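In the two assemblies presented below, subunit A is common to both, partnered first by subunit B and then by subunit C.
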Partner chain A sequence: MNLTGRARPVADPAGRLVARSGLPTGASPRWEPPVTPLLDVRGVDKSFGPVQVLHEAALSVHPGEVTALVGDNGAGKSTLIKCLGGILPMDAGDVLFEGRPVRVSGPRDAAELGIEIVHQDFALCDNLSVAENMFLGRERRRGLVLDEADMERRAAQALAALSIRTVGSVRRPVGSLAGGQRQSVAIARAMLWGSRVVVLDEPTASLGLAHAQQVLEAARKLADRGLAVVLISHNMNDVFSVADRITALFLGRTVAQVRASEVTHTQVVELITSGRVTPTL
Partner chain B sequence: MSIRTNKEAAVKVAANLADSGFAADRREQTLGTALTDYWTRVRSGDLGSLPAILGLVALVTLFTVLRPETFLSKGNIANLFVQALPVTILALGLVFVLLLGEIDLSAGVASGVCAAVMAKLIVEAGQPWFVAVAAALVTGLVIGTAIGALVSLVRIPSFVVTLALFLGLQGITLRLIGDGGTVPVRDDVVVALANRNMPIWLGWVLALVCVAGFAAVELLRHQRQRKRGLAGRPFGVTAARITVLAVAVLGGTYLLSLNRAATPSFDLRGVPWGVPLVALLVVVCTFVLGRTVYGRHVYAVGGNAEAARRAGINVTWIRMSVFMIGSFLAALSGIVLASRLNSVTPDLGANTTLLYAVGAAVIGGTSLFGGKGRAHDALLGGLVIATIDNGLGLLGAKAYANMLITGLVLLFAASIDALARRRRAATGR
Partner chain C sequence: MKGGPSQEEIRRHNLGTLLRHIHLRGPASRAVLAEGMGLNRSTILALVADLTAAGLVREELPRDTGRRAGRPSLVVRPESTQVYALAFDVGVDRLAAARVGLGGVVLDRREAARPRGAFDPDEVVGALVGFARRLVRKAGRDSVCVGVGAAFPGTVRQSDGMVRFGPNIGVRDLELAPVLARRLGLGLPVAVGNDANLGALAEHERGVGVGCANLIYLHGDVGIGGGLIVGGRLLGGAEGYAGEIGHMVVNPGGRRCDCGSRGCLDAEVGEPTLLEYAGLPADAQAGRDAVRAVVDAADLGDAAARGALHRVGDWLGHGVANLVNIFNPEMIVFGGTLRDIYLGSAAQVRSRLAVQTLAASRERVKLRTADLGDDATLFGAAELAFAEVLADPLEVLTRLRVPGEAPLPAPT
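Our next item is the complex of A and B:
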């Protein structure tokens, strides 16, 4: 796949300082991006009982870019994503969408803003068909009656637009699909809605090599169309092959929000494992 | 939109889809491929109505051989239909509950409480039938709301909630009716439900409306799929479905329109009033489950509740509503049962009632694991159960044998369900 020829946005000179300083930045990134981020979450706290999972976590995502969200197991990546998708309520924190403060108190709020999450477990109903899953919770209807034909047509077009040809029929029950095909359906569902932000939670974790490549290509394709893509991944090769920005979480805190071009592989690994970067020279 | 632009749009969509590898949605199906597809589905564990139909054929053959004089007599066939009414209505409500993978063990005794409420209001308070029936239905809704709230809000397993109510509601019926008491039901309208017949002409008119309506819906769907460039069933299959339904409905109406009185001086013919009621309920439930957003959400919650929640579906409400529907239909079933027995006793709805209804739903093809089942499962399964009950009665089976056989039938149906599910998992469907 060709990821080298993509257009990088204008350089952002201030952006490097965060990681290089080697200090946890917490909720207030010290650099100002040139444009308002599409989605900007700050100061997110979240506890499960006595365990505080997120401490003032922050994440900014920009249109047309892939932002990789990295961190070790238990760093709070999935929790942060679920908070901004309205699936888990956050204890504290602000969400700015296009600079406006918004409230996300349920999956529907997130959907209305155009935030779509492709969950690690895909969150599909095995007993429903591909088309039924893609429109779940947002069924199209004419009067009282479901408009099946319209939904099937749109579902097929969305899959086709992502060059997903392996599903065969949109009437197949999702239970009969293989892992990679389910992933494709989940991604196609996320972009069916004129969504602005698409979050992919460890999309390549359970996939074979060839299909993982396809998914990464799809992520790039979405960003090139002007969507903001958040990619959660453990795989540094994946991160560096598609991400424009990298946000690192360490024990529930955001320790870096940097451009991918400004950090090295080793530095990111350091951020993930220790939450800091040893200053280079 | 004019037909022309429609056609152009269809061609365009067709072209797009052909490019995209979704040719399967457009593949022109023939009768042959439709049959192969069906056989593949059955082999991979998607049995549909097959066990119920095979079971019905086997049972009818068995009882005809064992009791050739009585089983297929006109009187007994009418009897069989009336016997199937309450169990079908109860099973219909259970289909909704089972679709979520939940269970309502109190549905049978809930129907008893509702029937007792109705009988007391008619006999002791002297209320007109519509007040009494409405009160019974409201009682059903209240019971369902209570179960639904305990299951969906408090999150007690439905098995435990309804097991507790199974005992508690029997207590309420006993308190209402009195130990060993019987409240006779003599109200004309209520008694007519299971004991009186429609005029012959009305029976035929309703049968024709039923067949014409089904044919119209099927043909319309066929035409719409063609128009939009999506493949549907081949015309042969659509025609076959219409024919089978027409034969069943018109044949049934014919049999019930013959004079079935035992003595020649007597004239007893016509379709019992309860039959169109059940038909209407099945049609409404089929529509709700298959064609509305609510129904889609019921299947979704039954398939994967967490996925449904993340898709923004109000899972708590869906869970609560199926118990309300279940108990509401249980109330209706209790009214029909009271009508058939002409009285309400403390054990109405107890004993085998619930087992029969669960058996009916499962034999019809509704899965105990949730996410799979249709409204007409209750109808087919109800007929199977009524046939067993009726046939055993004709054979003069003792109570112990009756219980044993009913228990075995339920176990057998549940085994088919579990094995089919394993088969589906193995073949990846």
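Our next item is the complex of A and C:
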């Protein structure tokens, strides 16, 4: 019972913060907006041969929010994301988009739903310019020719909207950019294409401080513009600086889906390392 | 006895509202303005005509027409290169000045590093006047300066702009506004405000907090400053000293603060504390770059730097938790060096928040980093300078456009 008016994360007898189904079971008195998640995946199983990597994994993401997906190496984060992007088929599991069941059986399905995954190698073409990369496959035309001026203007606007100032000219070839700048271009591209869910896989890993900070702020701005952002990260400061929700995976199971404002650093570390949390703070 | 507002007062109010809309939200068509202000189109037409005649706005075809059918409607634009304000920012480590056009465009700027040490008012005012002279000389002949604003790291009395106390820069009872106004010789008063208060204003009007009526801005320089936007307005208190968040005691009996107290947020989180915890010698290089270097080292795994950020972040969390409980803000913005400190210690800050705030107060609060970067305070000073012309556009312009007045500051 909670008589102090302070919502403490409540653990079930097994020490788990919430149920695996993705719905918090903690009997906290906090008010939750009655919104359906934009994307809700439940009960995802996935095996590679005899090794079961995911056991009924779940993930809910909401528009306007950054959901951090945390877990140790091998917890199943990347596998879950690949299932979500249609890169790997799920053995079992339901995907709900805006509350409706949908099938994601290939990357094309995911793209049609507006799910964009920015991988660590971010699939950009080194020989093309920043603007050309951002419109790759969706070039704008004026009559029979490409409308380069329009594409360059829109690319610059998208970068400005995310306060990405370090890229310089949108005519620069992507091959000449540093890691953080490339990451920024990949994020801005997601915004330009009208994506609804953007998944960033370890976006700050291997970046210098200035670029890492800029990428985090861009992720935050993307969510503040109404997109649902999933941030996979090992860095607790990255997670706490921008996340609204935290989903923790432990040995292929979702062990917690909580609001970032309801948990402490220590609790999240405990969830990652042991899959459970001591109820007292 | 006074009845309702007169025709003249209503017109002045509407002119100010329209100009403020264009100034803050950028060019807009008359139709958009009519809808935004709830006035009919003929009134908007008359107001725009008045402002155009005064040289404050102009109407022209939109630059980005797209490919829609029909004649595009004209947009009302601020006369940014013709109507400008001078903004000054006195920081502990730098002096900055800018010529900011109506609409918030930085037309020109000057900046210089300031060595730490005793504060010499003559030297600082002299440097600012030097900047101003060069900025004004570059302005077009027929352009007009409508106001001067300055941000200062200290408590500032609202009634006369007297700087009462600036512990980080070593100032007590400094008559900055009249001295600066006299030396500038522009025939304009100088409005002075606390730097973090002005940063709050700038982030609220042009930065990450646009549309957010309850916002707290925390500014890290050498010390910690703050500004509170409550119900859409900057909270000044009885005399304008409100928002000294840096002197909120978070650790009773803690580290000694320059204000004379102990355990202030400023003393527990400020730059000297972070650098000391990180094991840097007292005579090492200080300033923004030194703070960033600690955050960078922590990011690369340096144990001392990580420990320093942990401790500082924890105290910052105490302070932020108190603010959330007292003010129930919609947003907390970390600016100046606190942007780096927050991004490097968010786990500590938010852990404190999760434990020490009431659930109802914290569930909607957004923690954000400043959008305007190091220029938030300078932009705030510009907004202060524009306040008068936005309140009564025609009167101010008529007064300033009197022919024969010297546009250049008199040589000193």
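The criterion applied here is as follows: the second predicted complex is superposed on the first by the 230 of 281 C-alpha atoms of A that agree within 3 Å, B and C clash if a C-alpha of one lies under 4 Å from a C-alpha of the other, contacts with A are read in each partner's own complex, and residues count from 1 in each chain.
FYI, a contact is a pair of C-beta atoms (placed from the backbone, for glycine too) under 8 Å apart; a residue touches a chain by one contact, two chains touch by 3 or more.
These numbers come from a predicted model, not from an experiment.
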{"item": "Subunit B versus subunit C as contact partner of A:Ala205, first or second or both or neither", "value": "neither"}
{"item": "First (subunit B), second (subunit C), both or neither touched by A:Val102", "value": "neither"}
{"item": "Most subunit A residues touched (candidates subunit B, subunit C)", "value": "B"}
{"item": "First, second, both or neither for A:Gly137, with subunit B first and subunit C second", "value": "first"}
{"item": "Contacts of A:Asn127 with subunit B and subunit C, given as first, second, both or neither", "value": "first"}
{"item": "Contact residues of subunit A, present in both the subunit B and the subunit C interface", "value": "153"}
{"item": "Subunit A residues touching subunit B - in the complex, by the definition given at the top", "value": "85, 87, 106-108, 111, 117, 119, 122-128, 132, 136-139, 141, 144-146, 149, 152-153, 156-157, 159-160, 165-171, 173, 175-176, 178"}
{"item": "Residue ranges of subunit C in contact with subunit A within the complex", "value": "64, 292, 295-296, 299, 339-340, 342-351, 353-355, 358-360, 362-363, 365, 367-369, 371"}
{"item": "Residues of subunit A touching subunit C in the complex", "value": "5-7, 28-31, 153, 163, 208-209, 212-213, 216-217, 220, 236-242, 259-266, 281"}
{"item": "Residue ranges of subunit B in contact with subunit A within the complex", "value": "13, 16-17, 19-22, 24-25, 224-225, 228, 230, 291-293, 296-297, 299-300, 302-304, 306-313, 371-372, 424, 428-429"}
